[in-house]
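Common to both upcoming complexes is chain A, partnered first by chain B, then by chain C.
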Partner chain A sequence: MGKYELLKKKIDEFKLITLPAIIVVFILFILMLGFYFYNAWPAIEKYGLGLFIQNIWQAAEEPAKEIYGLAAPIWGSIYTATIAVLIALPLAICYAIFVNDYAPKQLKYPLIIISDIMAGLPTIIYGIWGAFILVPLLRDHLMKFLYEHFAFIPLFSYPPISGYSFLSAGILLGIMVVPFASAIIREAYAMIPSVYKEGLVALGATRYETTKVLIKYVKPAIISGFILAFGRALGETVAVSLVIGNSFNLTYKLFAPGYTISSLIANQFGNSVLYKYMTSVLYSAGLVLFIVGLIVNIIGLYYLKRWREHVSH
Partner chain B sequence: MESIKMETNNLNLWYGDKQALYDINLPVYKNKITALIGPSGCGKSTFLRCLNRLNDLITTVKIDGNVMLDGRNIYDEDVDVYDLRKRVGMVFQKPNPFAMSIYDNITFGPKIHGIKNKTELDKIVKWALKKAALWDEVKDELNKNALSLSGGQQQRLCIARTIAVKPEVILMDEPTSALDPISTLKIEDLMAELAKDYTIVVVTHNMQQASRISDYTGFFLMGKLIEFDKTEKIFLEPAHKETEDYISGRFG
Partner chain C sequence: MLATDKNVKYTTHKRVRMIKDNIFLFLVGSLTLITIIPLFHIIISIVVKGLPIIIKNGTTFVFGTLSEGGIGPAIAGTLMLTFLATLIGLPLAFLAGAYSYEYPNSFIGRTTKMLLQIMLEFPTILVGTFIMGILVIPMGSFSALAGAIALALILTPYVSVYTEEAMAEIPRIYKEGGYALGCTRAQVIFKVITKMAKKGILTGILIGMAKVSGETAPLLFTAGGLYEVYPTNPLQPVGAIPLLIYTLVQSPSIEDHQIAWGAALVMLIIFLALFIPIRYALKDEIKL
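Up next is the complex of A and B:
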């Protein structure tokens, strides 16, 4: 065997073509992470851990008087994403099962296409709809009712004056991630080998009884779908900025306005150059989002991969 | 005189526009094993799935003709298909235990058909596993996940699961094709044993198997039932040239 052939054998051409792209993506990723660290460092150095666990936002022209703590937006991000996932969970599962098992054939593909389009819509579209339609609707028909009758429950005890709140953001995010989460569940559900379904049906199980068992097969996919949806909700910016009310509230009260990390950055970025530390603080906030998002997505993808291996063996 | 448990009359089946079964008339005798043989794609599995209406799952399937069970057409409008499938059970080619415990696999069928009493369910589990010759191997680990069993054990569990709902007919779609020779032998012994109480229809690729275990054999070719007779007749003096060619291994 000549040297050339040996070389040819070792190098797969396609690998060779894709290699630069992979390297570029990887380098970009590392550079970005490094860049965030670099820019966040002055704030982290100055405020220490307090930057992440205190709730304070004091911009001042004198750098010595500047104090920042990101607790409220960090909390807001996690809180709204959690609300979103709790709302999206039942809807996404139902949608996935309906599309797979119940929808008539003519309806199945239109439904899939619609949900895929919904998943890809520019988020500003959700944001405007949320701000002008959803928020007033929720305020007048849900929040006011709950506040008037159930204000003794602390969750509902904040007066819903504007409607712009954690709840509004959570619900809007929930609506936004349903198509995404349901696509993951739908695909996983369709991947269940037909012998299991047939085995259930052949025992005389009704469609409901069959579905009840089959849904257990996709439990890991459901979990990963929601972890990934959580990651999406966490990072969503525009739509949330329009409905959350943008104020530094560190509270679990659903009707209170709040902040998320991304809405904070979107709102404050314009002013940040006026202050010495604010830009760096915003980078720190971005870094938190970066790292949390990274962890959440890795866990979600890991679950999904494990399930795929499990089902295809 | 042997009595007929099931029977098809001029059964035709289409997948969309493509016809897959042509005028099948085949009797299934009570407490006998009927083997269906034929090359891949000849329609024997499709035919088997008509007997418990499993083809209903495929929306493009169209069926014409009758399938009689104890003298009633199972495709009649007023037939309760869930009850039909309780009476006509099925074992599949690939063992398909559900991802739950051995115990729950067996009790799933009885439960959906209305048995809730724990003592009674316990009794069914023991009875069905004994009947499927699996009891001794698993009696101490009934709560173990069924997927941890070996392939042969899984298939016997599937048989136990099928008989747990007390069917009258058991359909088997190449039940041993995914198993090793020893497991295959066990299942074959089991089938002979089960035939005392049940009527069995088995699709098989394995001609020796058909000749070993069955009382009657139907030979399918390209969607048609070429020949149906007592197994020894089919294997010793087939009436059709195609049958002879197939069983002597000239094609298939």
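Up next is the complex of A and C:
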């Protein structure tokens, strides 16, 4: 064996080819985190913690008069994502159960495809439908009814004038994340060893009782499915910004228009260069979204991975 | 006496269980129906609202510029962006996927896989503002290139994860056979495993392309928009169908809304025509 060949054996060709790609992925990630920190810093330095806990938006020509606080969009992001998950929760679980256990054979495969189409459908399609069809529908049939009859409940006490509100955004997001959450639950549900089901049936359990027991088995997968769905709802931009109404409102009232971090960036970033600090403030908002999204996704993925390992052993 | 009492108790108990069972079945079935209704509502609404404008403007709608009542440049822009994004993202994605397949237990391999999965769930608007900061501002103008790079960052994790999963499904024995014949690691993976996993990898590429062709948020601050002339230069601003819809929906004019519905119909048709065959070709689970 010649010296050259020995050298060739030592330096793995495969590693040599793939390493640049790995380095690029790592660098991109670090660069992005660093980029957001670097650009967010001027605003964090100027406004301190108030940037994240105050609700104020005062753009001014003079930098000294500019005051910003991101409390409303941060609240809006969390609030709408929570509404979305609450709506998606029962739907996704029932859908997963139905597809796995009760759907007739001819229906099962089309149902899976329908949900995959819904998961992959461009978000702008949800956006245009939400803005022109869903919002008027909700306003005329749901919000007006609740406002007229149940306005004494503070949740419903905001007059639904335009219909663009936290509730509309939450419902639209819910529709969008159901297929995503149900795909995870469905996959987990199908992984349950069939002996458990057979055992339950042999004991004389009805279908309801069987499912009730089996659902407990996939509980960790359900939780991680919803954590990941929450993360997805947090980051969604265009569909939300078309239905949420885009105004700085720090309220729990469902029919009030609001802002989310991503819709704030989508709306304000274009003209932020006119002001000294606004760009940096928006990068701070992006940083919040970055970090919250990162934490939520890591928890969700970790949970899911642990559950999969637990099942396969 | 006692025996019949027990019997009655038993039958009522059984009946209660049966009723519970039926209520449960009904509930599960109807909630499933509610889950899928929005899709049909969306499709019907878009066809009803979008078809009249397309029929009215005819071929102008598909080929004409915005002032003529068409979305031709936007369609060309979407094709250009998707093509460029695939060109940029594909090599990166394939190599990263191959690496995380080959070294699933090493620190770098595991971290790469985790980073890719996080990128898959990442808020896409942040990719757009990131590219704007590092590319658009230094270059001084929006460009197709910036938009394509933003989309490539979204395409990469899809293709990587698919590549990795498709490769992992190939039985070990082929790999061992390759090594036994004296192939190097690179030969085994790029010539044997890649060829065997090509269907899965191709699916990943197509799904990634379908996904990025419908993305709006990453293009908001990178592509710029161009609707009166066809795009020719990748260093110039470019339009895209989703971006155009987003702009038109926010406009107060009814004519703009009509164009938006028509554009949504075109996009829906492109998406379904691309997505359903891929989905049918693949019998098992896919990740979106």
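Keep this in mind: the second predicted complex is superposed on the first by the 293 of 313 C-alpha atoms of A that agree within 3 Å, B and C clash if a C-alpha of one lies under 4 Å from a C-alpha of the other, contacts with A are read in each partner's own complex, and residues count from 1 in each chain.
In this section, a contact is a pair of C-beta atoms (placed from the backbone, for glycine too) under 8 Å apart; a residue touches a chain by one contact, two chains touch by 3 or more.
Source: prediction; values computed, not measured.
Visitor: Does the superposition put A:E198 against chain B (first), chain C (second), both, or neither?
Guide: After superposing on A, A:E198 lies in contact with chain B but is clear of chain C.
Visitor: Using the touch criterion from the header, give the chain among chain B and chain C with more contacted residues in chain A.
Guide: C
Visitor: Looking at the overlay, what does A:I97 touch: chain B (first), chain C (second), both, or neither?
Guide: Touch status of A:I97: second partner only.
Visitor: With the two complexes superposed on chain A, say which partner A:K216 touches: chain B (first), chain C (second), both, or neither.
Guide: In the superposed model, A:K216 contacts chain B only, not chain C.
Visitor: Pick one for A:K105: touches chain B only (first), chain C only (second), both, or neither.
Guide: Once the two structures are laid over each other on A, A:K105 reaches chain B alone.
Visitor: So, does A:Y47 touch the first partner chain B, the second partner chain C, both, or neither?
Guide: After superposition on chain A, A:Y47 lies in contact with neither partner.
Visitor: In the superposed arrangement, which partner chain does A:L242 touch: chain B (first), chain C (second), both, or neither?
Guide: Once the two structures are laid over each other on A, A:L242 reaches chain C alone.
Visitor: Going by the contact rule set out at the top, does A:F230 touch chain B (first), chain C (second), both, or neither?
Guide: In the superposition, A:F230 touches no partner, neither chain B nor chain C.
Visitor: From the superposed pair, tell me which chain A residues show up as contacts to chain B and also as contacts to chain C.
Guide: Common to the two interfaces on chain A: residues 206, 209.
Visitor: Which positions of chain C touch chain A when the two form their complex?
Guide: 17-18, 20-21, 24-25, 27-29, 31-32, 34-36, 38-39, 41-42, 45-46, 49, 91-92, 94-96, 98-99, 102, 108, 111-112, 114-119, 121-126, 129-130, 132-134, 153, 156, 184-186, 189-190, 207, 210-211, 213-217, 220-221, 242, 245-246, 249-250, 257, 260-261, 264, 267-268, 271-272, 275-276, 279-280, 285-288
Visitor: Would you mind writing out the residues of chain A in touch with chain C in their complex?
Guide: 12-15, 17-22, 24-26, 28-29, 31-32, 35-36, 39, 90-92, 94-95, 97-99, 102-103, 111, 113-129, 131-133, 175, 178-180, 182-183, 187, 206-209, 211, 228, 231-232, 234-238, 242, 262, 265-266, 269-270, 282-283, 286, 289-290, 293-294, 297-298, 300-301
Visitor: Using the touch definition up top, name the residues of chain A that touch chain B in the complex.
Guide: Touch residues, chain A against chain B: 105, 193, 195-206, 209, 213, 216-217.
Visitor: Under the definition above, what is the set of chain B residues touching chain A in their complex?
Guide: Against chain A, the touching part of chain B is residues 52, 54, 57, 59, 82-86, 89-90, 92-94, 96, 98-100, 108-109, 112-113, 158, 161-162, 165.
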